[in-house]
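Next up, some structures in structure tokens.
The two complexes that follow have subunit A in common; it is paired with subunit B in the first and with subunit C in the second.
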Partner chain A sequence: MIRYISKRLLALLPMLFGITILAFFIMKAAPGDPVGMFMDPSVSLQDMERIRSNLGFDKPIITQYFIWLKNCLAGNFGYSLVTGKPALEAIIERLPATLLLSLSSLVLILLITFPLGILCGYKKDSVVDDGITVFSFLGLSMPSFWLGLMLILLFSFQLDLFPTSGFMDPLMYGESFFRQAGNVAYHMFLPLLTIMIGGIAGLTRYNRFGIIKILGQDYITAARARGLSEWRILFKHAFKNILLPIITLLGLDLPGLISGSYIIEYIFSWPGMGQLAIQSVFQRDYPILMTAIVLSSVLIILGTLISDMCYALVDPRITKKGGNS
Partner chain B sequence: MIKVWGSLIFLAGLLVISILVSFTCLDPTSMDTAFIGKPQPPSLNHIFGTDELGRDIFIRAIFGARISLMVGFVSVGIALVIGMIIGVLSGFVGGVVDEVIMRCIDMLMALPTLFLILIIQVILEPSIINIMVVIGATSWMGIARLVRAEVLSIKERIFVTAVRARGLKENLILFKHIFPHTLNPIIVAAMLGMGGAILTESVLSFLGLGVQPPNPSWGNMLESSLGYMRDAPWMALIPGILITCTVLSLNFLGDGLWLLLDPKAKDANVKRT
Partner chain C sequence: MKTNFSGILSLLLLLALFGCAPKSISDNQVLTLRLGAEPSMLNPVLSTDSPSSSVNGYVFSGLLKVNPDLELVPDLAESYTISDNGLVYLFKLKRNVTWHDGKPFTAYDVKFTFDTILDPETNTVRADDYKIDGKPIEFRVLDDYTIQIRMHKPFAPFLNGLTMGIIPQHIYEVVDVNTAKENQTPIGTGPFKFKQWETSQFVLLEANENYFDVQPKIKKIILKIIPDNNTALIAFEKEEIQSSGIPGKDFERISNNDAFKTFRYYDLAYTYLGLNNRHAFFSNKNVRKALAMSIDKRSIVDGILMGYGLPAHLPTSPEMWTYPKRPFFYKYNPKEAINILEAEGYTFDQETKTLKKGNTPITFKIITNKGNKDRELAATLIQKNMKEIGIDVSIQLMEWSSFIDIVNENADPKKFDAVILGWSLGIDPDSYSIWHSRNYPKGFNFIGYKNKDVDDYLMMGRSELDREERKIIYEEMYKLIAQDVPYIFLYYPESLVGLSKQIEGLSPAGPAGLLNPIENIYLSEK
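Take a look at the complex of A and B:
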């Protein structure tokens, strides 16, 4: 197990290196002069040159990359071109909101998709199954931002139940923790629902296939023949095997979940990493963009790693083989 | 089967209408100046209503369909070409080449794709050609993996050994005997990929980084609806419903084809719908 994990970790290093190279050169390919953009036109050319060389923009591009990488490793990702804050700090202060939203949606998605998938797999081809399948297709086919807009239209404009955007009412500062938490949850409802509908739709479909496949296998028939109750078969015999495809899928789905929640955060003005990232795209704030792309890739890689490890934990065959590529 | 036929009819209808509309004198940018700033609800004159500049939403939606379908076709085409070449290379050559390619694909898949596309669109000038190229260039990884897996499993099969024993050249074996077998899963992946490309285009245009106004696209129609959500909900409803129906049809079609083409799908024992 330890050998397997260390092997996986080692394989991550070149990947991270590649991602930093990609992020850096994409940013460097950008037209537009980040110095000239924020300068008064009256600043003299010599001064502009001086500012450029202060920022290191006059060095060869390879040197610039290694300087940037060295700084990154030391935790210095540069400074926002708009606010002047350290980029890492600007993003990390957005992280809690993002994690709150994405982790709670992940947990809820899993809690809901499991019973749904089992129900579908079990009652294959029934009305319930057909209904859930159509719902999951529909959820997969909807642009998530449009779903968000429609939920705003319904819950905020028509029913006037939930706020359209934000994290917490300004009036809540100074209130007790529980009242603040309640208010945050109240604001989180719509973005959470939007992310959940998409996530549940995707996972339930795969879940259903997994369960149908497993329930058709010989050992299940054998267990049935021995007269075990259906519950016992489902939760003692089939359960671990149902977990397997879900874990893999979660690893595969993670980039989508993270990318997808960017736009949801933006729609609902949720003060997370995604909202900052999209705003920075419009402001051409390269240091923030580079940091955001590197950090979210790291998050995704970590997630994949965790899902791989869970997989190895559930399925001993993986570590015995020495890991499959 | 209802789902598949329904999807086929819907998509074919959309395709035919969006092609035919090029030959009419309808203009998606023509404004009804009486209604500027006052979007009109659906009526007999404008069956989907008008937007904030008094333009007919029905006509704009049809021109939007043309763009969406084009983006879907072309970007999936690009992704297919890249994905197939790289997948075949990786699976057939194997060894170090395979290892390096797979690592690179892992890396690219760890990047938040949508965000990457947004950044590239900001760097390049947003134009319809750029959108198609960027979406195609960032979505071939899944196809490459699929093709590689197919090639890997097929090249071990006995019939390949048999043709090799007959002394056929390696590249002939690849193109005549192995490659055709990978086509079925690719067709399915292409259908699903097209839906994905249409969704991506709508996000890009919605954020103002895709099709530029006054050219209509479903995404930028949604963008312009933002300020009128309360007073003119039809402006937001109609393009969204069209996107959903189009992508839904592509997904149903992909799923139906999968059941039809892949014997393994029938093993998983799913009802033909």
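Take a look at the complex of A and C:
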């Protein structure tokens, strides 16, 4: 197992190298650069040219790449071209808010969709199933920017239950931890709800489908024939099997946890990674983009590695070579 | 009976007095405003975005500042004199000024600020404001409170450059200004001290108790970062923020709400259809004139801006002191436009309703940036107008960087037909970078406009220091440009602003800002 992991980790390096080369050249191939953004008659071309050369944009792209790589290997990811902050710091300071929202929504979505999906799959084509199906299609078809605004209108404006946007009240800094946590939760309710409505809808469909497929398998029929209770069949035999595809899904979701959701963050003024990433794309903030790309590729690779390992834990067939259970 | 009557009378009198008296001041002097995006750097030397400028305006002071009438008045300067030949400026500085960290402010800070801007290593786009024909303006400290500024030729727009916020030498001389941590925790001399900045959440400022001018009445300013306009409007209506821009469609509703006051004024800005003057079709002045006559600017203003704007005819703003009493313009008249085009050798096919040169129908493409709804809609209205004179117009929306890349490409001729764009103007009428023929193909004269007289007026306007003389120069220049139609000027948008009823001490609505000067602002009881 350890040999397997270290082999996989070693393979990570050439992969990362390839990713950074590709990313760097694609990024530079996009028209414009951060200096060219100024469309302001008070800004002179001479100043723009000078800044370009200060930032090394006048060098050949290949040279720029190796300068970046050299700095990167020395642990220097560069400074944001917009804010002048160290790129890594600019990304890390966005993590808490992003993770708070993404982890809590993930946990809640899983907790809700498992029972719902199993219920739907088990009671396939019943009134309950149809009802939940209708709601999940509704949830899936509502775009989150619209849903978010509607929730703000309803819960914040009409009912006055929650604030429209933000992370924590500016004057709460310096209060006790619990009061702060309460205030953050209060601000988080609406964005969380918006994410969950879309997420629950999607994952419920997924789980329902998984259960239906598994319940049609021979071993379930065999278990039924042996006279096992439905409860036992469902939670002992079927449950573990629907975990498998979910693990793959979650493994691929790992970078999603830190990448945040631009639309949600934009509407609710949530200080997360999504806003930073999208702004960096539009502003051509190369150091931030490259750091984000390196970071998320590492996470994607680690995510698949972890989910592969979890697979082995859940499904003994995978470690036993040529297993025939 | 008599006593009763006088009792009622005095009560009425008291009531009347109460009604007239200024509203009582609220105990809670915390002003909550909105920033539309995260500021980049809280350092006036480096930042160019408007959220940063909003914050920097409260924290930093310049030698001069802009008053509500858009005039330059002394700020850190006590007084200044200009030599008769216009080459030497002598500034006496205020003596009671301290930085927010308690250190005294001196002429060395002023020199340091401008030296930093002129340092080639500094990534500021402002350096050229302090150079004339590429030669830096010289800042010389005569004593702690006197600074002399010398230039080799008179340059009228220069005084505007002295509104630049002065940064502290004792902080910045030991760090790299481009990446300094201090750009996130600014120390200035302004009416408000920086207190806290939480990324993408808010910036918190506190009144500067040692401010050298009138003590601000507001104790704290919270600038909440709310990127989405819809969210901001709801936050404003819920009174989570006390000021907000209002979309045209909501302006009447908000105006009718007693909790708010609303204001409208012209910005120092205009939106235009820029025609590539080196393009075969647009290179003919009479053709451009005919196009200008076939665009119904009034319907653009009424239909897209909901009437909150004015049809534009000149490259300036109605709020500018150079705006003429009677601007020159070509009246909307599509029939006459077709006559002009036919006189220029084009034929208007009555059957197919197409304009042709020989057998080729005339078409062109308008490009503009994605995300600016007003411009997108204006493009479709223009498309309709052009259809009426037989021209088939296509529209392409582009991401900002890609768009700017095409417009600013260093090539002659450039690869675009027409663009919809807008210019924001400074308070000085100098518009050398937009109109002078030297700024093509590299520069903001990307449409390739060339008129020798306009070039001359631009140079005269820069070296003439007398305001009345300058007004005449620019009026003449505007007329020439309007006659040449290098752009088809479309509209002057109005700024629509809503404020909480509680905010008092406002200046008249205008581009200098309702809350300017911030020292006058206070909150009344609800």
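By our rule, the second predicted complex is superposed on the first by the 245 of 325 C-alpha atoms of A that agree within 3 Å, B and C clash if a C-alpha of one lies under 4 Å from a C-alpha of the other, contacts with A are read in each partner's own complex, and residues count from 1 in each chain.
Here, contacts are C-beta pairs under 8 Å (C-beta built on N, C-alpha and C of every residue); 3 or more make two chains touch, one makes a residue touch a chain.
Being a predicted model, the structure only gives us computed values, none of them experimental.
Of the two partner chains placed around the shared chain by superposition, subunit B is the only one that A:258 touches, whereas subunit C remains out of contact.
Of the two partner chains, subunit C is the only one touched by A:82; subunit B is not.
Contacts of A:269 after superposition on the shared chain: subunit C is touched, whereas subunit B is not. Using the contact criterion defined above for the overlaid structures, shared-chain residue A:157 touches subunit B and also reaches subunit C. When the two complexes are overlaid on their common chain A, residue A:216 makes contact with subunit B while staying clear of subunit C. Applying the stated contact rule after C-alpha superposition, one finds that A:149 touches each of subunit B and subunit C.
Residue contacts after overlaying the shared chain place A:41 against subunit C, while subunit B stays out of touching range.
Look at A:284: by the touch rule set out above, it reaches both subunit B and subunit C. Once the two complexes are overlaid on the shared chain, A:55 sits against subunit C while remaining clear of subunit B. On subunit A, the surface patch touched by subunit B in one complex and by subunit C in the other comprises residues 30-31, 149, 152-153, 157, 266, 282, 284. Residues 11, 14-15, 18-19, 22, 26-27, 29-31, 124-125, 130, 137-138, 140-143, 145-146, 149-150, 152-153, 157, 209, 212-213, 216, 255, 258-260, 262-263, 266, 277-278, 281-282, 284, 289, 292-293, 296-297, 300-301, 304, 325 of subunit A are the ones that touch subunit B when the two sit in their complex.
Taken in their complex, subunit C has these residues touching subunit A: 30, 37-38, 40-41, 46, 48, 120-121, 123-129, 134, 178-180, 183-184, 196, 198-202, 204, 222, 224-228, 230-231, 234-235, 237-238, 240, 399-402, 404-408, 421, 423-426, 431, 433-434, 439, 442-444.
Partner subunit A is touched in their complex by these residues of subunit B: 99, 102-104, 106-107, 109-116, 118-120, 122-123, 195, 199, 202-203, 206-207, 209, 222, 226, 229-230, 233, 236-237, 239-240, 243-245, 247-248, 250-252, 255, 267-271, 273.
Residues of subunit A that touch subunit C in their complex: 30-33, 36-48, 50-51, 54-55, 79, 82-86, 93-94, 97, 149, 152-153, 156-157, 160, 163-168, 170-171, 173, 266-272, 275-276, 279, 282, 284.
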